[in-house]
Amino acid sequence: MKRIAVLTSGGDSSGMNAAVRAVSRAGMSAGLEVYGINYGYKGLVEGDIVQLEPLDLDGRIASGGTFLHSARFPEFAEESVQLKGIEQLKRHGIEALVVIGGDGSYHGALKLTKHGFNSIGIPGTIDNDIPGTDFTIGFDTAVNCATEALDRINDTARSHQRTFIVEVMGRGAGDIALWSGIACGADAIIIPERDYDIQEIADIIVRNKEHGKEHSLIVIAEGVMSADDFKRQLDEHGDFDSRAITLGHIQRGGRPTAKDRVLASLFGDYAVKLLLEGKGGLAIGIHNNELEAHDIIDTLENHKHHTDVALQDLNNRLRF
Amino acid sequence: MKRIAVLTSGGDSSGMNAAVRAVSRAGMSAGLEVYGINYGYKGLVEGDIVQLEPLDLDGRIASGGTFLHSARFPEFAEESVQLKGIEQLKRHGIEALVVIGGDGSYHGALKLTKHGFNSIGIPGTIDNDIPGTDFTIGFDTAVNCATEALDRINDTARSHQRTFIVEVMGRGAGDIALWSGIACGADAIIIPERDYDIQEIADIIVRNKEHGKEHSLIVIAEGVMSADDFKRQLDEHGDFDSRAITLGHIQRGGRPTAKDRVLASLFGDYAVKLLLEGKGGLAIGIHNNELEAHDIIDTLENHKHHTDVALQDLNNRLRF
Amino acid sequence: MKRIAVLTSGGDSSGMNAAVRAVSRAGMSAGLEVYGINYGYKGLVEGDIVQLEPLDLDGRIASGGTFLHSARFPEFAEESVQLKGIEQLKRHGIEALVVIGGDGSYHGALKLTKHGFNSIGIPGTIDNDIPGTDFTIGFDTAVNCATEALDRINDTARSHQRTFIVEVMGRGAGDIALWSGIACGADAIIIPERDYDIQEIADIIVRNKEHGKEHSLIVIAEGVMSADDFKRQLDEHGDFDSRAITLGHIQRGGRPTAKDRVLASLFGDYAVKLLLEGKGGLAIGIHNNELEAHDIIDTLENHKHHTDVALQDLNNRLRF
Amino acid sequence: MKRIAVLTSGGDSSGMNAAVRAVSRAGMSAGLEVYGINYGYKGLVEGDIVQLEPLDLDGRIASGGTFLHSARFPEFAEESVQLKGIEQLKRHGIEALVVIGGDGSYHGALKLTKHGFNSIGIPGTIDNDIPGTDFTIGFDTAVNCATEALDRINDTARSHQRTFIVEVMGRGAGDIALWSGIACGADAIIIPERDYDIQEIADIIVRNKEHGKEHSLIVIAEGVMSADDFKRQLDEHGDFDSRAITLGHIQRGGRPTAKDRVLASLFGDYAVKLLLEGKGGLAIGIHNNELEAHDIIDTLENHKHHTDVALQDLNNRLRF
């Protein structure tokens, strides 16, 4: 193997740049030439492919977003477009591709693999919802961002004896809600993986007030419903001077945490190691602190992410 | 003078605790007894008044929100209720009151002053919209919070070639929008103090893209309209892959910046100095780096805050 | 079991308050009375023991340091003093003790256990050097603090083409150095677990400059030597315009990261669960994402912390 | 005027990039070509001069350090070298130069001005020690960085009942010490502008302990002496379990605060405005919230920075 390429795709997450750097530097350390593909699968098909030099990567590890950019490209669902992408790779003499992204990005890598082009997927998404890994790149940063925002909101809630309902991201998964909710001492965490009882939550707020805790914090995952909709439900069960807040896009960007940088470094290095061993068609992950690689087809078709719902029970024991 | 009291009222802002500490410590240094009133004017009328000891204030300078709490209390508009508040103060032997808060809080202080009870207002609000001062306590923290959020959003905008419309707080004033917008290199800043031309803004985004800057950031003050409404307007003038975001309540809380802590310290100390000189019925401010005190009645009835709209022109010269 | 107590001991670490909260709240949820012991073993022996109420714990999860305080108390090495501590516990009707701290704190818990008083140790130290766990409370916060500081230093190094040698904490362990070093793209990470070759490091800096990277960053664990001493060694091998920096105590405090808050919550809850099951004399840990409890005597006497030194190899592959 | 150039010189400070951007964008908005000079006066003399395009400046406003780099260049003290610099500027058709930096950088601009080359100085240094301005670019960021570090140290001091002596930067000026000291509730702030009485400081710590505040924080400006030396003095007056810490280089870099970004934007824009009016030989500043420009020769030769020493009195009234 002499040349590999790397691209980012799907929603950006903090640590993607650290992963691009790791793939590139590990590749260069092993004597490979490494090419960066701009704008994800769109750039792949259009041939927006440039060789990365060591200096191009200087300082990237500390930055948010993706300097290779990402782009929507539904056309990649068509086989003819996929084959055009492979043509571009071959024209540049590239023998393997590392894709950093989420669910959708993996499906692109899977298609390339099915067409016989060696592709490896690195899980990069804030949502932590990729099968085959305990943690994805960007999750820790998103959780810390949400946690800092919830801390700020708690200051106001406490000052004004209010109930705040805060919607955090996570697509269909409750991971960000669970981690940030525990971290901020939420009175309730509502996740898509489990039902909730609106009366029970109203009762918690009432009981809090009776025992001297005048403010309440409810963290709800976007996969359940909007904060506004939940507020409407809650307001039917009492007058809690409630406010609905959607944290929104601030959770995606920002300087990555140390953990996301280290995780991205481990993943990128591991991807290159696998490619050098002649392996491909894999989805990389970390499970119980060990790096693992699984067949990308099997991973996507037969597995799904499991949120650690026991964290909700933990929070129920620790809340006020 | 032997006893003074301090309360916070209205929306919380970071640095209010630093101001309470400053009033208290400056008072104690001058030999006064200082009482804290919980829950603003509501606590005043209900007699929720406790003496503050030096240790009660330890560490408060670094904390967000208000540990004296705040509360809605529309009843204070009634004269009989105001007089009941004065009665409570007199019962505790309190001779003067320092009120930390925004517009509405000042009106309470004004009422007490009109009834002959010596009151001094310290401007505490994130909105920076109080007459008689260039800066209010909490504004710098709110601007830095918004700036950090906009930086994060810029990471995503740049990664995805998107246009983000971000609504920041400020009530009727454009100050937070102007400062955070300049700080993040916004392509347009929309403020209530000035009209805007939606076609001109659409043209800026188009021109940006033509010159290679694929993402755009528009910061809009809540006093103009919601980000969602603005997005609807903009979308009629082109397809910008735009997203609307409301930063919301995260702008209120959080650890105060150094500037807000120092400003709060200056204000609190100055309020006590004025009271010791036998003065009252005043609104404190800082103008051109000098502490000033103005008649609270005149300030509220005859003056209004002037946003530095020339900052918008500055931004227009510096944007891409 | 009806009453348990909790204390913090040794150097403070961020997340200790979250652990105290978790022990207390989990205990209260299970119907226990929970007592807080101030000033560690000193307060234990002197009887500075107070019942904790739910409201005492409000907001603690987000705060640094330890609100139960810590104190040096070498006298606890004496058996008579240990027995006096047990007497105090019994006088308060306390049946089990949870100790949050590092190495030295565990030895106290071990002594109590040997005297037959049920004690459980929760690993709380920034150094990550406790046997029986992959991660300790405070490590992630310290790593992120060091990472942010190294990012700042990188700004200056890059601006001035300098070589910075930065000493981070960790006592005898290289964990903080490895994680923060990888996170900031260090050119070399020097740890006590492995030898280093000063000539090799000088060569790296020279080679960096030859290839256009004019600044260099060396992260050294305090367990190796001081940054000043290392600078003296390096300066003998070339003129690198080097600067030595000791990050120092800023690495201990500060708001805990989300990960440290969740970890502390898991540990505290787990300690109570074990006590309720009638277990004791244990050291709690997390290994491969699973909570574990080991005999505290065996853990301290027969095991030691293993730093993941392979991270140094990873960094060597990824550096410029 | 058709072409101007900009350089940064001396120690880096956060916001320098924002100032380079502002000079460049304001220049471009006015139809000028703007050149960036790399490595300060060294690059000027060596002709390391490149035209800046709008995209080169994208995202710079949020970054620390200086992307134009800085360099030591004592040779610029010689007249022949200065003339060679002017030659380079003329060769590129550059008619005016904006210099961003501190004291030493201004002297370079002064020399060029004396030789008849139009130069304008923008104050960029964390130390806030430039005559002709109330605030310099980077000061607010440095103060906030020191404040955050002191907050962290306070967590540990409070946990362990210790006295921390923390040395902050500022060269000969006490500004950083005063602002960060007030912001963190320091028990004493030691600055070069005023004498101190070591016995008085020891007494404060003793009195604190007697009144229940067991920890103390002393902030000392580097212009007085090192934290280590001060600790030795203090230790002769009592046993305070004291620790000496030097914050060091972390105070220089990092993302600039909103205030530093806005200040840099105002300065850069103003410099271009003056040049367009045919003015030069000026040092820019902000005084009482108004932009001002003073003769650079007069400013450097006849004026000096005045630290607001009354802030020390303020702190003495507000401390415990």
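Chains here go by letter, A, B, C and D, matching the order in which they are written, and residues are numbered from 1 within each.
Operating definition for what follows: a contact is a pair of C-beta atoms (placed from the backbone, for glycine too) under 8 Å apart; a residue touches a chain by one contact, two chains touch by 3 or more.
For each chain, UniProt lists the protein as follows: A, B, C, D = ATP-dependent 6-phosphofructokinase.
Quantities reported herein were computed from a predicted structural model and do not represent experimental measurements.
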Next item on the list: Give me the chains shared as neighbours by chain B and chain C.
Entry: A, D
Next item on the list: Select the chain at the greatest separation from chain C, using centres from the mean of Cα atoms.
Entry: B
Notebook entry, point to check: Taking all residue numbers at the chain A/chain C interface, are over half used by both copies (same) or under half (different)?
Noted result: same
Check: How far is the middle of chain C from the middle of chain D, if each middle is the mean of its Cα atoms, in Å?
Finding: 35
Notebook entry, point to check: If you average the CA atoms of chain B and of chain D, how far apart do the two points sit, in angstrom?
Noted result: 28
Note to self: Measuring centre to centre with CA averages, how many angstrom lie between chain A and chain D?
What the structure shows: 39
Note to self: If a residue has to touch 2 or more other chains to count, which residues of chain C qualify?
What the structure shows: 151, 154, 158
Checklist line | Pairs of chains found to touch, sorted by chain label | finding: A-B, A-C, B-D, C-D
Next item on the list: In the complex, go through chain D and note every residue touching chain B.
Entry: 21-22, 25-26, 29-30, 54-55, 57-59, 61-62, 134, 140, 143-144, 146-147, 151, 154, 158, 179-180, 182-185, 211-213, 255, 257-259, 261-262, 265-266, 268-269, 288-290, 311, 314-315, 317-320
Check: In the complex formed with chain B, which residues of chain A make contact?
Finding: 8, 11-12, 14, 63-66, 69-71, 145, 148-149, 151-156, 158-161, 164, 243, 245-254
